[in-house]
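Please find the structures below.
One chain, chain A, appears in both complexes that follow, with chain B as partner in the first and chain C in the second.
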Partner chain A sequence: MSRFAPIKEENKKKKWEKSPYEYGFSSPEKYVFKSKRGLNEEVVRMISSMKSEDKKMRDFRLESYKIFLEKSMPTWGADLSTIDFNNIFYYVKAAKNEGKKWADVPKEIKDTYDKLGIPEAEKAYLGGVKAQYESEVIYGSLLKRLRDKGIIFCGMDEALAKYPDLVWSHFGKIVPKGDNKFAALNSAVWSGGSFIYVPKGVKVDLPLQAYFRINTQNMGQFERTLIIVDEGAFVHYVEGCTAPIYTTDSLHAAVVEIWIGKGARCRYTTIQNWSTNVYNLVTKRAWVEENGVMEWVDGNLGSKINMKYPSVILAGKGAHGEILSVAVAGKGQHQDAGGKCIHLAENTTSRIISKSISLNGGRSSYRGLIQMNKGAKNSRSKVVCDALILDKESRSDTYPTNKIMESEVTLEHEATVSKIGEEQLFYLMSRGFEEHEAEAMVVNGFIEPIVKELPMEYSVELNRLISLQMEGSVG
Partner chain B sequence: MKYVDVLDQVGQFKEVKKFLVVSNGQNTEIETLMEFKAPKTQGNTLIKVVVMPGGKLNLKGVIKINKGAELVEAFLRQSILLIGENSMATAIPELEIESNEVKASHAASIGRVDEEQLFYLMSRGLNRDEAVKLIIEAFLTE
Partner chain C sequence: MLQIKKINVSVEGKPILSDINLELKTGEVVALMGPNGSGKSSLAYTLAGHPKYLVDKGKMFLDEKEITGLTPNERAILGLFLANQAPVAIPGLGIKSFLWQIYKKFESEKRMDLVKFRNWLDEEADKLQLKNGLLDRGLNDGFSGGERKKMEVLQMLVSKPKYIILDEIDSGLDVDALKIIALRVKRMVKDNKVGVLVITHYSRILKYLKADKVVIIEKGKVKEIGGMELVEKIEDKGFEEKK
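So, the complex of A and B:
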């Protein structure tokens, strides 16, 4: 199918031998506790009592469960009709307690993380790590010098027990339990996730990382993350996600809430690389006060159906929101990703850059919202979405909504969909590259504006993952 | 109002231009759809709307390229000028692409009267209303 040169026999073979998803291994299912399949009020109560929560949180969960039942499935986006809520395990506990050292973590789990390279990464360049396995955080660490500055980085359950006032000050306020069906589900059965508090004026120089892993079949992972960045502070949080390949589906429905104080800044980087049997339905939202900055860097590579629209509410004057999103939809995948910026105050600015790639019959959609409310005078926003389609079977859509209720603003939106330029390919191949190498180079160049914002290790990883997915997909 | 353009003959070329004004108290819904059903087709849509004070606009524009429609070039531009207080606009430019040998793009912009242009015209002796009127006229001429 090559356009300029025949594919060599040895390259053909290489393509089929390479496994496209190398995190698809599974460990034996060993757990301390596993709930029955399916969801009912008993399961919600059981999760709450397993965590010995107070009445306030239990009631919060039960109310959320009612909202979940009342809300109908969203039909405006990807096809979710195949999710069977009664076939999912809502709570699986794999280790007794959260370890403070890798040595305390049970062997099977430790092996999993070793294979994923987390301990090395921690040593090399991270300020703190959280590892979540199934429903619970099984390992956590934070550098002493960061602890001494008053930074809190712990599991959500631990935070609720230790700092209830701080948690409740923002918990469920940025993403209310009735926000959407999956936020309600998360609010009812949430378990694990990270809690970060950065005190006034403290800048966290090394990224904090969380790593999420699903191992059990038909598992539902519902982590809940809350990040509070106080006035003038800065934090960079990185999360990664993988799961084994099973023939049956798993569900990941997280809620992430971020509150950014006056003049503070937060960057949240996600590399979502779930196996292609995971439904990833996540609600992520940040509230930004005066002159604060929120940056979402969102990489969507894995999962079967992904619906994720990181949002920024610009509530204070001069606040800035930035969303960089990259999505790669391969065989059998639907990446429905994008971003939302809601301007409530004067002089607020936002920028969304989205890059998507569809190949091997995959479908990628950009879905976004820019809203400027009355009173958001002198606000500006720019949205750019570019899409590449690599073959005939694939599909790409763009569904942006720009809602402007204030006249003294500027909004720009542009989108393009195209295939890899023949001229670019021809040039590279005339310089001696194989066709697939040339294609990979063009694609890597295409996503470069986002990749360069990632921590080094992740950008190398992302480039490698994309060239792996790309092999054998000649347009 | 819904405008539908279908390009179903090989090599067809179509250019659509629309200029509209939404006045005070009006709540206007406009949808444009350009559907590409045949290969080697090319289509451009330009839609420019001025929303006067108290007017409301809901503008949707869809480019749809069906399977099998190869070597298609499609472009949609939505340009909205908001005048004064209480004018509102929603712009929804959409792309649905099921073919890969294509070039499809859209651009949407929502903005106000440029202060610098106003200043220039007023320095030439026009009053504010006249200057705004001239800028609107220029916006609608393309």
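So, the complex of A and C:
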């Protein structure tokens, strides 16, 4: 029942029947290979041998698996006690090879990506695309003019085979295998993900995009991404993720490592829209050299439990890190998101802007760290976290941590919590808008400072997804 | 015609309006006057469907369609527009795109394209003497009282209502702004045959926007109905004298 004068019965029904998640469809499971449920050393060895890896990577995996077993579950954040590691499929291969043309991709999978609009987007505004389906990259492309400049954009497995030295120069160094339980798990069973190398001084003018799709029930997706942006170079990488709605849970535990050379810049945009049966536990970290810039634009709309704190290590003088985070927590969701900035050098600057929206009993938390080591003189950081709570059943918390070991630094922190006022809704409704439209207007206005940072196509998409969630929320 | 028939309204169980009757025809200006706390603005909110104002008894009609119980947006779609006394701000909601969305809601045929619409908007904003660049901001975000009132008029022009309620649009306005707004509304009455309910405490807006009928309410009840001569009386003696 609306808070406003009664809504006609037939309208009410229509609203409830509408599913707010439009990517919840699944495709028939046709697989080249699917591992048994559960995890043990054999599964780790099997993944390594499926990929014909050398001893170095196999040992890396096995060591990581040991660390995974030793590490206890993190209990400081969201409730992870319901994850059943034995019920998960750790490796599923859906296609023999990575296609270079969409025509090479098996029909069911291509249909899925068509529905998601990926080939269309590729034609319109992308410099290159990677599509990962279950455990493997099934499609890859890169514009010829970008290839000719020496840019590498390929699957992690391919990169390891073709450019082992380049990969090992940073692989597992920015996010060590023992970093946390889920980084260890990823290091043991990783499969797929993107590798990007941008040579010195090269600026990639069109975004490169990866699209991750889980189709199998109880799937575990563990992609591994490494981006190396050499001195003075620039790249914008975008990732999107969706999955079908199942009654049982899937797990997505990725690791993303980024190395940014002197004066280089990387922007990494995520629109995470997993279905609400996916645990999304991802470790993302960038290492930034002198005067380099790292920008994380992190949109979290989907998943059941999301724990993600994109981090920047400002290692060189004058390096800058920026984290723009938006989280929408709806029914049954816990978005535990935020960011970390670690200042190691002089004159480094960082900024975290976090905007969260809780509705329909959803819970959002901001969790952040600002660390300034001894020697990080004249460094500055600013944290702004704003929360918007749409109803009484929903919740928002803030957990900021500051570790300041240098005295000559500046740190600012602002936080606000607001509710959508009845007055705002009444005002917009009296202009002819439905209650859910009015709510979406307030919400989209609230996240506007971040949305305006997105490329046009993505900002339109983000606004649309949020409006869709609002539409399903008002009854 | 906008009709209020024997309406009784309460807020949180406390009665604030009783047995109010009121009629507003298209092309007509009705002034609703009364001292502070007499229930003028409550009547405006009740007409627009504010959730706090509970109709205990009586009915409201817009062109013979009952609107009691309709949501605020349903009433707006039928052609009712409330210019708020204190319009709220919606930070981040871009004014131009907001007005474009309103326009699309109300204009289904003969619609201008976006470019034409924007040009038209700029012209209207100019006529209202809205500062340059104001339309590029969030709705009412950081706006002065006068700018907010002018934004109400701009929204009114975009949605082309049949009946307008001006809830103390004159409060907090300087003489120039008041004149601009009043004359713009007057033109809507003339050109579009809009019916206007002017809720005000003072007579000054009525200098530019002559009322065909004046209704005085006090303590939630209609006290007196007449013509502009009532306004003069109030000017001379104030509300209190009339007891």
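Definition applied: the second predicted complex is superposed on the first by the 445 of 475 C-alpha atoms of A that agree within 3 Å, B and C clash if a C-alpha of one lies under 4 Å from a C-alpha of the other, contacts with A are read in each partner's own complex, and residues count from 1 in each chain.
Throughout what follows, a residue touches a chain if its C-beta (ideal position, glycine included) is under 8 Å from a C-beta of that chain, and two chains touch if they have at least 3 such contacts.
All of these numbers come straight from a predicted model, not from anything done at the bench.
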| item | value |
| --- | --- |
| Contacts of A:427 with chain B and chain C, given as first, second, both or neither | second |
| Partner chain(s) touched by A:401 [first = chain B, second = chain C, both, neither] | first |
| Which of chain B and chain C A:449 touches, first, second, both or neither | second |
| First (chain B), second (chain C), both or neither touched by A:390 | first |
| Contacts of A:417 with chain B and chain C, given as first, second, both or neither | first |
| First, second, both or neither for A:97, with chain B first and chain C second | neither |
| Which superposed partner A:49 touches (first chain B, second chain C, both, neither) | neither |
| Chain B/chain C common contact set on chain A | none |
| For the chain C and chain A complex, residues of the former touching the latter | 48-52, 69-77, 81-82, 84, 87-88, 90-94, 98, 101-102, 105-106, 138-139, 155, 159 |
| Touching residues (chain side chain A, partner chain C) in the complex | 2-7, 421-424, 426-435, 438, 441-442, 444-449 |
| In the complex, chain A residues that touch chain B | 387, 389-392, 394-405, 407-419, 475 |
| Parts of chain B lying in touch with chain A, wherever the complex brings them together | 51, 67, 80, 82-112 |
